[in-house]
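So, here come the structures, one by one.
Same chain, two partners: subunit A is paired with subunit B first, then with subunit C.
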Partner chain A sequence: MNVIKTLTAQRLPFLRKTSIRKNLWGYLFLAPEVIIFSVFLIYPILRGLLLSFMEYNVEGSKWIGLQNFINIFKDDLFLISLKNTTFYTIGVVPVGIILALFFSALIFPLSARPQTFFKSAFYLPGVISGVVVALTWSWIMDPEVGLLNYLLSLVHLGPYQWLSHPDTALLSLILINLFSGQGGSIVIILANMTSIPLSLYESAKIDGSNEWHLFRYITVPLLKPTILYLVVMGIISSYQVFDSIYVLTKGGPMNSTTTIAYLIYQEGLGSFEFGKASAIATILLVIIFILSVIQFRIFKEEK
Partner chain B sequence: MKKAKSAAAIFFAVSLILLMLNGCGASKSNQENGDNQVTVTTNSNSMDSGNASDETKLADDEINLCWFPLWNGLNGETNGKADEWPKAMGKEFMTKFSNVKKVNVELLDWETGIQKLDTAIAAGSPPDLSYIDLAFLPKYLKQNMVIPIDSYLKSGEKEDFYESTTDYATFDGKLYAYPILIAPRVFYANKTIFDELGVTNLLPLTGNRSWTIDQFKEVTKDFPYNRDGKKIYAAQISTVAGSFDELMWLWNFGATMYNDDETQFILNSEQGIAGTEFLNEMIQGGKFRLLSGGGKTSDFWAGDLAFSIDMAYTKDKVLQLAKDKAPEARKSKPDEFVALQFPRGSGIDEARTYSGIGGIPIFNVKKGGDHTKTVAEFASFLTSAERQNVVKYLGCFPTRRSTGDIYSGDENAAVATSMLGHGEDLGRGEATQKIFSSIVHPAFESVFMNKKAAKEALDELAAKADELLKK
Partner chain C sequence: MRASGIYKSTKILIYTLLTLWAIVIMVPLYWMITSSIKPESTLLTIPPELFPEHITFKHYITMFSVDLVPRWLLNSCIVTGFIILLSIFFDSMAGYSYAVIKPAGHKIIFIIILGCMMVPDQIRLVPVFMLVKNLGLYNSYPALILPFAGSVFGMFLIRQYMRSINIEMIEAAKIEGCNELGIYAKIVMPICKPVIAVNAIFFFVGTWNSLLWPLIMTSSSEMRTYTVGLATFQTNNPTLYNYGVVMAGATISALPIIVLFLTLQKYFTKGITLGAVKE
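Coming up: the complex of A and B.
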């Protein structure tokens, strides 16, 4: 027993009595957050993982092993949702980050007041509920009376079906995200741009670099950790897109906007197939994890 | 001092945790009254002392009930309070049964109400009773969430319900819901639009208001037409979740979804293909508006469409709807909207309509025999002959013989009644929910958007549906 105590104290120094006593206040302040985190995040995740191997029933679930996963991969709709989600992510994340970089590069040279104004303006859609944003866009993109088709008609384009046609529905959702979802990225990029030493820009200017060279060879490389963070967070949130689809298209038309998250909702709350829905959620977790690891590796190698 | 500090820190940390955990949930007995939530309670002194002699006790224990209704008003007036009827029912029931101390009423809306009900069930907090379309009863049966009511029926009560309505809620020989309404649809026409086009005389406004697809095509040949810069369509086909517009048309071409024992999906029959091709022809010709995915629905009652499928409202209710929705610039005229039968396809002698049945199941809340007995009594109370009169204001028909004719010769109700003899429904098997909600609309959308031919799309739909039926 004493050997175990000694070994534990050596390996896990925070478990030493003196350490606990010394950091008691810290542990006490951390306790509420850790408890809530465990109860409302860790436990549901573990429970969901367990459910994915079961056939759920309110009265008592039955262990069925990998059957849910087998059924999912046989289901055409899952493969369609995987394709739609991937396409959505490819459309939103890289394009979104490029747009955020572009706008940040335009805003950064401005003085404090205009900078604050533009940062607030771009960030504003982020503080509005996603449902409200989606409803607003449903009016803008209405094929009959929408503002977008009206503006396009002035230059003899359209009308387009936008959210009502399988060829344009997913692109419309991507557009909605690009127009309203970059504020947070712009604020983060601008914050990190302020930490780039000005002397680097001065030296480069002395050597004859123009604005594009400064951006391409100084700003972007030094923003790589920020870009990595935005890419990882962007992929995680894109793979979980749900609210705009639920409000605007309900996965249609022709399942062209059915994403993995929407499929989880359909299977779970629509059909009460909670085991299958949990299994899809598990697959989503694995996909996001793998993608995140790959991205970290790529950025690490480039460093 | 150090000890006091430590004690204070522990105290605050524990208090914080308890506060946060308490704020995360609320007991049913402490539900706050909101716009849609009513807690109807008795006072300690009897409110209606005159009725004391009518009070009965269903059990010794005090019982609280939880009810999620979807009724939209007592008297059909759109300016009435939506929760008047459920509140009144709760109070009346408590007056009759003294051990019922509280009836928690949470009024749901038709658009999102079922999702709220499903979420409550999935979270393990179902209400005691609610309203559902009985086509989707198997979804709850699969999870053992509803209990059979046979043992709670009074003598002669089952026989008072129309047999078709109890059959619809019977599985493995057990009845699982109190049927409350039959919800046929009629085909409304906006006469003003046809007056403007000069073709009102082509509408079947006399007799039993029946007509054929060819007559329908004739009357709609000038659509879409431009009225004050706005495109007016003949009708709208919505493939948004929950809608079944396209099925209404296919049924009137003679198609049907399932064979007699619902082991095979047969919408891909010749009649189904003909109906689908007709709809596609009307959509591609610009006469029908296709509402799929996103997009705002055209409002028939505001005068944006020539025809629409809707409930069999009374003439008074139709006038009220038109009055509420008509824009100021265009005041609605009396008799502007008329109910017609659905146009019939070739070889079809009688028009068909949706004959879906709504009912009140009892959810399995695991509170013991007395509680369930009280809930069953409340469900029986709500679906009693006199109280079923309320379905008139929903444009529906009662399910009890003893309720009698609630429409007293109303023209719109007569149109619905004439089609009910050939009612169609969405099926009643376990796979019904999945088939209807997941695969039917995408198949039609593929035709309406010229991705597939009607036969190919319906054959693929039938194959997928048959797979689901086999599971």
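Coming up: the complex of A and C.
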């Protein structure tokens, strides 16, 4: 009898009394969050994917297959937004990470106190809201009375139109992003640098390597997972850039700063083109997914 | 410590470069605060006045003369407070279940939810907007709070932390007749204080600063959060708009975050490395 009992208990662990109780407690603890996520996360994602194959109407939606996607790829504004977003990402992510690596390498040899000081100083601008940062830059980049044109005039440059000219608007947004300090990346890089064994540097020094060699052939290769993380996260967030565009340019002048995320907002909540907006969002999802996979592949091969 | 190995001249160069970068990225903050207290007479002068000679709080008074500004601040406080409380509560309960109780099927649920973190927010924009309208929640506090009453990343951090808790302690409590609720409340939560502090700070900064979601969840000016009100200030108050007033508005928004950062720096740096450093 006992043997049978243990056998069933092993085979079907969920039939055990303690197991049932354990599961009940487990689900009870999961319930609030699973309900929230089901309603506001999982269901909307699925609905969004479905909507991109539909023509939305208040009376009822109609399945139209790939028509939204066909329309989108014929739409100049979408292609412009794709180009703008890609340009923005190329301007923001690699330069940002190079800056972060450079300053991390400078901070690393310092003693604990100046390390903490510079880390905090670089990180502070990054925690201020995008709206505040954007408003401040709109004042600094004012073509007539702004601080930036004044400072440049001291070295006989400018004046530039910055955000109000189609040639410089996107570039200005990139500059604003880069000047947010790169503190987050620096903190992450430094935390990972401390885990590199010092003995590696010491033996390389004995072999006669200089500081640049140490950085190039020890630090950077060992930081590869960290750099990959920063590249992936950077691309994901810069492909979704919205706040600074909403505050500063609203996509203008002449659509020169319309990004994918801003276009989705405009189509979805400005013109209530729910199907079209969802289809663009689906394309954004696919782009981010493909870029992440490519990056993981590249880094894996190099390993 | 490799510091001993560096020559003095390189050390000076390092400090110079780091200080320069710190100054460059602090300029916008400095300019925002000083512009907010400059009288109009010196605000737009060329060359710009780098160090304000006369100080005035007139722009702050103008800002608060806009009827809705106190209401926006109140909205931000209500929304931020509820989101912090609810998500800490729900995230930690779920984290406890994933890390300690581990009911049947918890792995699959966990993976599905974690997978959603990779999906860009934009895909949910229209569906959540429609859902909130259909539920009759549009333009209300629940619309600003409920969709964010749990955070995948927050839950993930708490779960990671709980996994490092000594299981024997929990087993001992169980033998003494403590049920899961008791263990969660009396044993696990107190241990998790550091990670909960990190979460609270990140929810505070994230919610206080957020623009896109509160923008699409509300339509009337009364329901705006402060950040949304500030972002739409120029369109709604064109007569009041000048750089001094806007910089005062921006400073009001940034001040709580700056104060929080200066007092709790450690938690900020801890939080950002928690998810990104290999143990």
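As a convention for this text, the second predicted complex is superposed on the first by the 261 of 303 C-alpha atoms of A that agree within 3 Å, B and C clash if a C-alpha of one lies under 4 Å from a C-alpha of the other, contacts with A are read in each partner's own complex, and residues count from 1 in each chain.
Please note the rule applied: contacts are C-beta pairs under 8 Å (C-beta built on N, C-alpha and C of every residue); 3 or more make two chains touch, one makes a residue touch a chain.
Only a predicted model underlies this, so the values are computations on that prediction, with no experimental measurement involved.
Contacts of A:Trp25 after superposition on the shared chain: both subunit B and subunit C are touched.
After overlaying the two complexes on the shared chain, residue contacts for A:Arg47 are found with subunit C alone; subunit B is out of touch.
With both complexes placed on chain A, subunit A has more residues touched by C than by the other of subunit B and subunit C.
In the superposition on chain A, A:Ile36 contacts both subunit B and subunit C. Contact with subunit B, but none with subunit C, is seen for A:Gly270 once the two complexes are overlaid on the shared chain. Within subunit A, the residues touching subunit B in one complex and subunit C in the other are 24-25, 29, 32, 36, 139, 142, 145, 268-269, 274. Considering their complex, residues 24-25, 28-29, 31-32, 35-36, 57-59, 77, 138-139, 141-145, 162-166, 169, 172, 248-257, 266, 268-272, 274 of subunit A touch subunit B. For subunit A in complex with subunit C, the residues that touch the partner chain are 14, 19, 22-27, 29-30, 32-34, 36-37, 39-45, 47-49, 51, 103, 106-111, 114, 116, 118-125, 127-133, 135-137, 139-140, 142, 145, 147, 150, 179-181, 184, 187-188, 191-192, 195, 198, 201, 225-226, 229, 236, 239-240, 242-243, 246-247, 260-261, 264-265, 268-269, 274, 277-278, 280-282, 284-285, 288-289, 292.
Contacts from subunit C toward subunit A in the complex involve residues 1-3, 5-6, 14-15, 17-18, 21-22, 24-29, 31-32, 35, 44, 46-48, 89-91, 93-94, 96-98, 101-104, 106, 109, 112-113, 116, 118-131, 146-147, 149-150, 152, 155, 179-181, 184, 205, 208-212, 215-216, 227, 230-231, 243, 246-247, 249-250, 253-254, 257-258, 261, 265, 268-269, 272-273, 276-278. Those residues of subunit B that touch subunit A in the shared complex are 6, 9-10, 13, 16-17, 20, 115, 118-119, 121-122, 124, 139-140, 142-145, 231, 239-241, 289-296, 298, 364, 433-434, 437-438, 441-442, 445-446, 449, 451.
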